[in-house]
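Structures incoming, each one as structure tokens.
Next come two complexes, and both contain subunit A; in the first it sits with subunit B, in the second with subunit C.
Let's look at the complex of A and B:
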């Protein structure tokens, strides 16, 4: 870090920008930089939204902000930039989140750090506040959720807390925007130096730790006389904190406290810096083995003292009994599971019923009318056939298809699910189901990401962020694809109706095919458990694990805001990604059907080439090719299959080479498929393969973004595909052996 | 169309072949990998480390002990020793085989990498304690000194490995550790486990299963030639002297007792308040950090409030928050029951 170590311009704006770029912050211009820190699930994101007016997705969940969010607003003519740090319980740098938060507070040199504190869990939150106060004195504490605290009979006197902590305390309710204006004004005062703070730094540790600290402290103070938090630096050096050691080694440590405009402190000579590091290394041998335990214990004891001093006792616990009763019912042995199944059934019913009408309206509008109209327009303008085919039949049609199938269910499912999340019910579901998931080596919260996967696997993968244990999160990500997603339900229903429902008497056909689809979905759930179990005992066994599940208090859901944010954040983002991937797929589908090589289209050659393998699996070449080109979205598999069948077999139907289509009725579809050589076995195996194959490209991309690992993305892609091949193969061979066709 | 029976048979064949190839530990691939790992260099390094270990416990490495430790013939051991002598890493005289200064440096580097890797496995991964040693045996030959330093930096330059052994610094410094073994501890005293020998694996596993992790406290009751009777947390049991020799301990002040109430969070009835005494040493790494961060420290009051419908996680009121803990986590947390019922249960 040569630029950082050079003494020339260490405190000018460029220097600071440089060190922020290192922390991944975009170097826009701003006057004041605010860092937002706090425990998970304290309403940090809500405060962030209230400050910036952004609608970052918030939920009643510990551990939402994994990716750091940035926003900006203007206050009194100043541009204020605000960075939302990951929610953490401490700053001991034991996890990536903690490192990110700590590094930013230390090296990002925010003008002020706002710590959001959950008034209902004051002690635990103060543990973090005290740790932050040891690093920096420019702190404002925002005492959030005051209404909830009152409801639970907890009263806190902000003035007393302020006196105890020595930094400004603003009380409020971020959800109702209460206290936000005061918070902004206070933060501005602290950052401008108008309000001086004298943070509480009373934490004293066990005798052997104190002995080491008191020996190291004079060395820190002699080498870096200008450092305001020498005690903290000494402790971190004893803890061998890599980032702090590096700051000592490079001399950057001395510059962290200087604000712009001050004289730049000179960097102490290298020999001195070396002396400090060596002293710390020597003292480290004498520390007790449970050093970390002792430090945490003392921090909590101090937090407890502060909390006791600031608490107002004798309040009535109005909401407490209600939460209690509700919790008892929702987690009871007799009622818990029934209520859960009932609620989930209602959610799915609302989704399916509600999506029917808008889905067919969108299909009529975009595909039937829209496509025809655009084709007519293109014809009247005299656009060449290949351009019109490529753009309208390929790109447009694939996109329109994905939108019309995907949008309505997601626009209903996600908000309803989010309402349950906001209310606080979902952690209770995880709580109830955890013992089941534990047997498979997974986390109870996987029940929820799995449910989310029934809507969309990409959204399910994103939702795994609520699982904060690395091994269990990877398991949830890799197995999410076993949840039969919204894009695959129509395929299942169609094929089940044609091939399985037809086996039963007409009056029972509907029931039988519905049972077959549910059976496939349950098979998916079984596969999810089986592969979770396998993964946790093989490739993932070495990943770190740390179970924790916090049950937040119930909060009245904010219906309008939930609708708004879940549509914007989950639905539209997922839809956008799907569209981005579907458009080129449409182009590819059109191209393989229209490019002719040596007397046949590309599609002909590919289908012929894939056919022997397809037949071995009880499928056929058309299906395999459809799954290859329709990898961006499961929604377009059936239209592609129909188009390719017509194209390669010459059956009557369809709208031309490369133009995906759907028929008016299941009967017409059946005629085309039977003509393509389909049997009951093909139908059954297609249903199996539709469940067990690689995730769509949107999901694969999302998995990569979430894991940042090519290895795990590959595992998540190949595992279900291999399972699908094996299962289809075995079913086909046994079927033929037993005498089926 | 391929005959289905043939197809199935071919498939079964492929499965068997695949299993024979890729089966963990006994599969062909695993064997090949192991054989290719045991190169001349690895054997030389292991021999050198063995000599070092012998010196550290005041013995002298011999041809026979090297052959035994490395599971090679005496002839092979002799060849290894003469090669090490050629490289001026050891020298042998009538007193036995000793490391040269250069040999000591190299051996310390191996020890450093080994112990760092164990620390890494304990702190940052979910690999069970019984496998740390074997994994580290492998990694000590693969990591370069620079990689070991990078690892040390990532781990915060730890001073001790998870078994209680000091990790040598890059400069080769190592504090001298005087050790008292459990087999030699005076009856009537209370001791704390400061080190566990991680080899042989069987004994180490047995010790862990007995709850004798680092930091465990024991009352030494009786001692004979063959056994040591110990007592901890309300239970008394005999330990074979061979096993006890693998446990190093330190005396706790006279008057302390390991016979604390053996109660854990599991012993609390719903609504009953418990005060945390400590977290079992068996809970380490990220699991321990998480419990500490949630406020499970000495003196914290904990009240079980909700049992999940599945029976297993139980939600405890811990410092104002409702936190669900699994059975095995609750078992790690030792408590004493508070005499006065908590306000929360009212």
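Let's look at the complex of A and C:
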């Protein structure tokens, strides 16, 4: 019969490799495959790191690990591969995370599944354990955070828990590497079949439910002979689980579990699939209406019973006194908001101040020395001027700029931010800001992605994965660009110093310009709320979904590990993407400044052509052209503006056509800009336009990767640009009316 | 008389009877330990009046609208005593 492969085929190694590749696992060789499951915020990623030594970042934020991570280690001469599944509370409610985790446990057929359980919240964590036990026998439970539990006066007897669950239980503290060796040994024994398990299966349904299951079971087995756990599939179908129904309807259920090497078609005929669904629907009619609730209730009751049985009573409960006190301040009605602004201001201040020195050192190394040295080398080798100009003045210089301007602030901002995250502060920020987001029709966790955007919008867009509602996630993605990113802070600070700080007496100049920059950042936050509100009233209409946010206990941040991982995970990845996009921008800048058409360079023509429009907006042609060529990276706006101003106006200074430069002092920059016709209005509008324009190409590309939609990528690109044009135009008109310059 | 969570003063532990929300919205709460029969206690409220509750040893922040869907009952005197014994 078509679709029925021999039972032997399903269990062979080749077969499994095929379905794992389909699940997105890289097909390198291993002897044992471990899946790592667990609730969010149980230290699952810490366990993963402890097992593999791969320093994958872990955050004290529920639902952090969205991308599945893989690692490998050796144990007793065997190669062990371990897959970190997304943290989920269950395997049924149907979010992407839960589907990924469930598909992997069901179809990837790991040799053993390690479930990480938070000992301080045993009962709640057991729900997931029980659901996993329904699917597979080969489970080891790792009882993590035993130290925290003890501190809170919670005692759990691992032996009793093991007896109740019928699978091995290992207790430990992953942060301190305690219990990890035992976990590895136990997992190896279970996967090799040396240790037999008899998992607690709640075969506890009412007789009519059991009857329906036993009727449906043969149908599942005949239509999908290779599905590993037919009883579970039958129960889910009776439960009208949409994901499983869809997997049956599309034939995906068979696809995932059968071998690609089969000559026979792997999808059962449509008629067969239809037969299964109809049988399930027919049987469901006979079940009581509250069947779903009963099943859920059963499993929660089982979790409660097991938890009670394993609990050691008589311990003094210390409570969460420290947490409560800290929370009283950080989420206080009166203080919470101020403390939040203060903490964020300090983070920015550390970033801006701390980045100054390394930035100028890098600039000296890469731009002053490196560029000069390379030019000398090129000259001595007799390389033609155009090649040398294109490669060194164009590509190299732009890349060097981006590295020296971006690397230091990111290498400071991201670790500091990660420390706050690790400590557990960010969920409190989300909590404080939630009411504002609720009014805007957005998700409370957008607060996190907004903060992240202050470091880098591309990173902020990626971070929106923690938002599970697609509508609210899109809003967070589209509006992330209103967070003033690191690449734009230098422009803001420079222009504020030259044009606004100069208005105040010298002693107050610094404070006034800092205030102007903070004002722009706050304007960005306001714009973010306004546009979120507009979006959720128009194209992304909908009510804010009900929202509950776990406030995890504060945990001492691990400073060294955080420094290491946030530099690797966030900084270098973002920097690499920026470099990839900056190099061609450098090439474009050099080309338009050096290709001459009809008596002027391309840059001359473009600036002349853009100038009337620029002046209408209170800007000028040079700025607009700089923003066009600087789409890849906002960092190069100021150097490009300076170079183009010198090139098109003939002011003395600069390093030659197509060579980006920065001046030694703000004063020298001011001289060039004033000579280029800049006024206070130009400065103010440049600050506004720097906040309100299209995202950089790194971010646009990231938005496309995250949304997979050209439409929403376009909206996210054009919306802030249109707002920028309107705002600058209005400011310029009012300014001129009122009698400014 | 039916009590809802927002009418419970801070730091008073109550028992959850029922979640008055459609299943797909109640489920995430239940997965986080907010189950009928469990004890919950509002411990703080946010700058804008959204509650933080303590349930199963964890802190959970809710929106006011969600909290208004939690039907609760006061614990009898003996219930309160036994909870204090446990703590």
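The rule is simple: the second predicted complex is superposed on the first by the 628 of 741 C-alpha atoms of A that agree within 3 Å, B and C clash if a C-alpha of one lies under 4 Å from a C-alpha of the other, contacts with A are read in each partner's own complex, and residues count from 1 in each chain.
Assume a contact is a pair of C-beta atoms (placed from the backbone, for glycine too) under 8 Å apart; a residue touches a chain by one contact, two chains touch by 3 or more.
These numbers come from a predicted model, not from an experiment.
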Touched partner set for A:290, first subunit B, second subunit C, both or neither: first
Subunit B versus subunit C as contact partner of A:704, first or second or both or neither: neither
Touching partner for A:533 - first (subunit B), second (subunit C), both, neither: neither
First (subunit B), second (subunit C), both or neither touched by A:550: both
Which partner, subunit B or subunit C, touches more subunit A residues: B
First (subunit B), second (subunit C), both or neither touched by A:613: neither
First (subunit B), second (subunit C), both or neither touched by A:120: both
First, second, both or neither for A:348, with subunit B first and subunit C second: neither
Touching both subunit C and subunit B, counted on subunit A across the two superposed complexes: 89-90, 92-93, 120-121, 123-124, 127, 154, 292-293, 296, 300, 327-328, 331-333, 336-337, 431-432, 434-435, 438, 444, 544-553
Of subunit C, residues touching subunit A in the complex: 21, 23-25, 27-35, 43-50, 52, 56-63, 65-66, 69, 86-87
Residues of subunit A defined as touching subunit C within the complex: 89-90, 92-93, 120-121, 123-124, 127, 152, 154, 292-293, 296, 300, 317, 319-320, 323-324, 327-328, 331-334, 336-337, 427, 431-432, 434-435, 438, 444, 544-553
Residues of subunit A touching subunit B in the complex: 89-90, 92-95, 120-124, 127, 154, 239-242, 245, 281, 284-285, 287, 289-290, 292-293, 296-297, 300-301, 304, 327-328, 331-333, 335-337, 340, 431-436, 438, 444, 469, 471, 541-553, 615-616, 729-730, 732-737
Interfacial residue positions of subunit B with respect to subunit A in the complex: 1-2, 4-5, 7-8, 11, 121, 124-127, 153-154, 156-160, 164, 166, 169, 175, 194, 214-215, 278-279, 285-290, 292-295, 297-300, 305-313, 315, 318-326, 329
